[in-house]
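Take this structure, written in structure tokens, and hold onto it; I'll ask about it next.
Chain IDs A, B, C and D follow the sequence of writing; residue 1 opens each chain.
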Amino acid sequence: MREETESLLTKSTKLRVRYGETDQMGYCYYGNYAQYFEVGRVEALRSLGMSYRELENMGVMLPVSDYHVKYKVPAKYDDELRIVTHIKSIAGARITFDYEIYNETDRLIATATTTLVFVDKTSMRPSKPPSAFMALFDE
Amino acid sequence: MREETESLLTKSTKLRVRYGETDQMGYCYYGNYAQYFEVGRVEALRSLGMSYRELENMGVMLPVSDYHVKYKVPAKYDDELRIVTHIKSIAGARITFDYEIYNETDRLIATATTTLVFVDKTSMRPSKPPSAFMALFDE
Amino acid sequence: MREETESLLTKSTKLRVRYGETDQMGYCYYGNYAQYFEVGRVEALRSLGMSYRELENMGVMLPVSDYHVKYKVPAKYDDELRIVTHIKSIAGARITFDYEIYNETDRLIATATTTLVFVDKTSMRPSKPPSAFMALFDE
Amino acid sequence: MREETESLLTKSTKLRVRYGETDQMGYCYYGNYAQYFEVGRVEALRSLGMSYRELENMGVMLPVSDYHVKYKVPAKYDDELRIVTHIKSIAGARITFDYEIYNETDRLIATATTTLVFVDKTSMRPSKPPSAFMALFDE
């Protein structure tokens, strides 16, 4: 999953593990990473020049179709995490993001991949990304 | 908050504390109770004869405007909780629910009150409850 | 992922999608499925004769090391979901669960696999499952 | 709840509403504000010179005993919220925080109060705050 291939875009974002995100093992609960990756891809899109909110306003939704995460080292309460997000590919109606999460001592906490599908809100069917979105990659 | 006044309806529901709902104190995180009270009032409405989903399909939303919870005893992982929900009053566009949560040994875990507002989805303004909803209390 | 191989145990559990688990697409948020699979495996262990709480009390933790989920059809608010959980294998310190989620009309909503690691709470190192746990499979 | 009395400390923190925190009304789910207030008070403590993590490491837990929130205006996806946290009082084993949340256009979104109890991890009983904590207010 981690081979060093090219990305269309790479963006780094920081966030802190909240108390409510820990579990009684004292770890960040495994289900909460999904929100961290969502923050990562939202900030990746914003840095590209189009917020996810704008995409939705253009009549497009982006549900996740596939999500795979490998947990290497536990994240703990109050850890400041660095989420590195890569837009790996856009093919047809699908967009794939890869992620790494690092803690404050630069240890790799987790890696993940998500595939999302551009869905037209009116037809509720997969559709190509809006051309305004694709144009962002030409620049 | 707990004086024994009459309710329009009382409904009891059970659920278990999930692992992901605990925090590193080993308690159910204080923020997760809001979902438990939501489950309580949804099941109260269903027992009355109208699901919250049906209410939304009738063009009505029910956002919470006020929420007050007192935590007495921690709920722990895997505890089977009993949520007792009371519809206390419906006045104008407002509906008020009271709740108690008990654990398996019948200890009172928490009490709460929520006030929700009937909002018309089209106008996005507070509105009286649908007459089909109010009719359920006449029976 | 779905080839029909044997399981050590299969257990079916039901739960309802909570309002707080939906997102503004009107779907159950992709991150919330992790809690559903946790409920599935907890109930699978309970049906086997040992609760996850008992395992922890025996000095064992079970963090997730790998989680892969495929979202087929959106789960919606108030859907009653059926989570089918399979214990697929136990090898060394690792235990692998497979899952399918079906909605009320028996449509396949999602499939997933998680691998968890038995960790000794004292040494904080991977360890073989407790013999009391392994004995449950001999019966 | 909002009378302008003095605070022992006031601290402002920003965060964005995550997609997974919205619900199908398109609002930030009412239960998720609890995490925002937690972030607010954690950052208030940090600005005071002692992180909540350090407090726990000193053998102290701070469970919430009372939480009251008034929702004025819905927070929406991707809104950048400003959480203003006030330490209102410390009396015996109790510490009370007040909060206001504002959106990007400086509209008041919600107000809240939480009371937390200093609990000694060993005895599991309410206890006075550590003297190292109280000393922070003398400076």
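The rule is simple: contacts are C-beta pairs under 8 Å (C-beta built on N, C-alpha and C of every residue); 3 or more make two chains touch, one makes a residue touch a chain.
Just so it is clear, the structure is predicted and the values come from calculations on it, not from any experiment.
Steps from subunit A to subunit D, minimised over paths through touching chains, total 1.
Between subunit B and subunit C the CA-based rotation angle works out to 180°, given as a multiple of 5. When you average the Cα atoms of each chain and compare centres, the chain farthest from subunit D turns out to be C. For the self-contact between subunit A and subunit B, the two sides draw on mostly identical residue numbers; the shared fraction is above half.
Of the two interfaces, C-D and A-C, the higher number of touching C-beta pairs belongs to A-C. Taking each chain's centre as the average of its CA atoms, subunit B and subunit C sit 28 Å apart. Inter-chain spacing, taken between the CA centroids of subunit C and subunit D, is 34 Å. If each chain is reduced to the centroid of its CA atoms, subunit A and subunit C end up 24 Å from each other.
Listed for subunit C are residues 19-20, 24-25, 29-32, 34-35, 38, 77, each touching two or more other chains. By the touch criterion stated above, subunit C contacts subunit D in their complex at residues 19-20, 22-26, 29-32, 77.
Across the complex, subunit A meets subunit D through its residues 16, 18-21, 34-35, 38-39, 42, 51-53, 77-78.
The touching residues of subunit C, counted against subunit A in their complex, run 24-25, 27, 29-35, 38, 56, 61, 63-71, 74.
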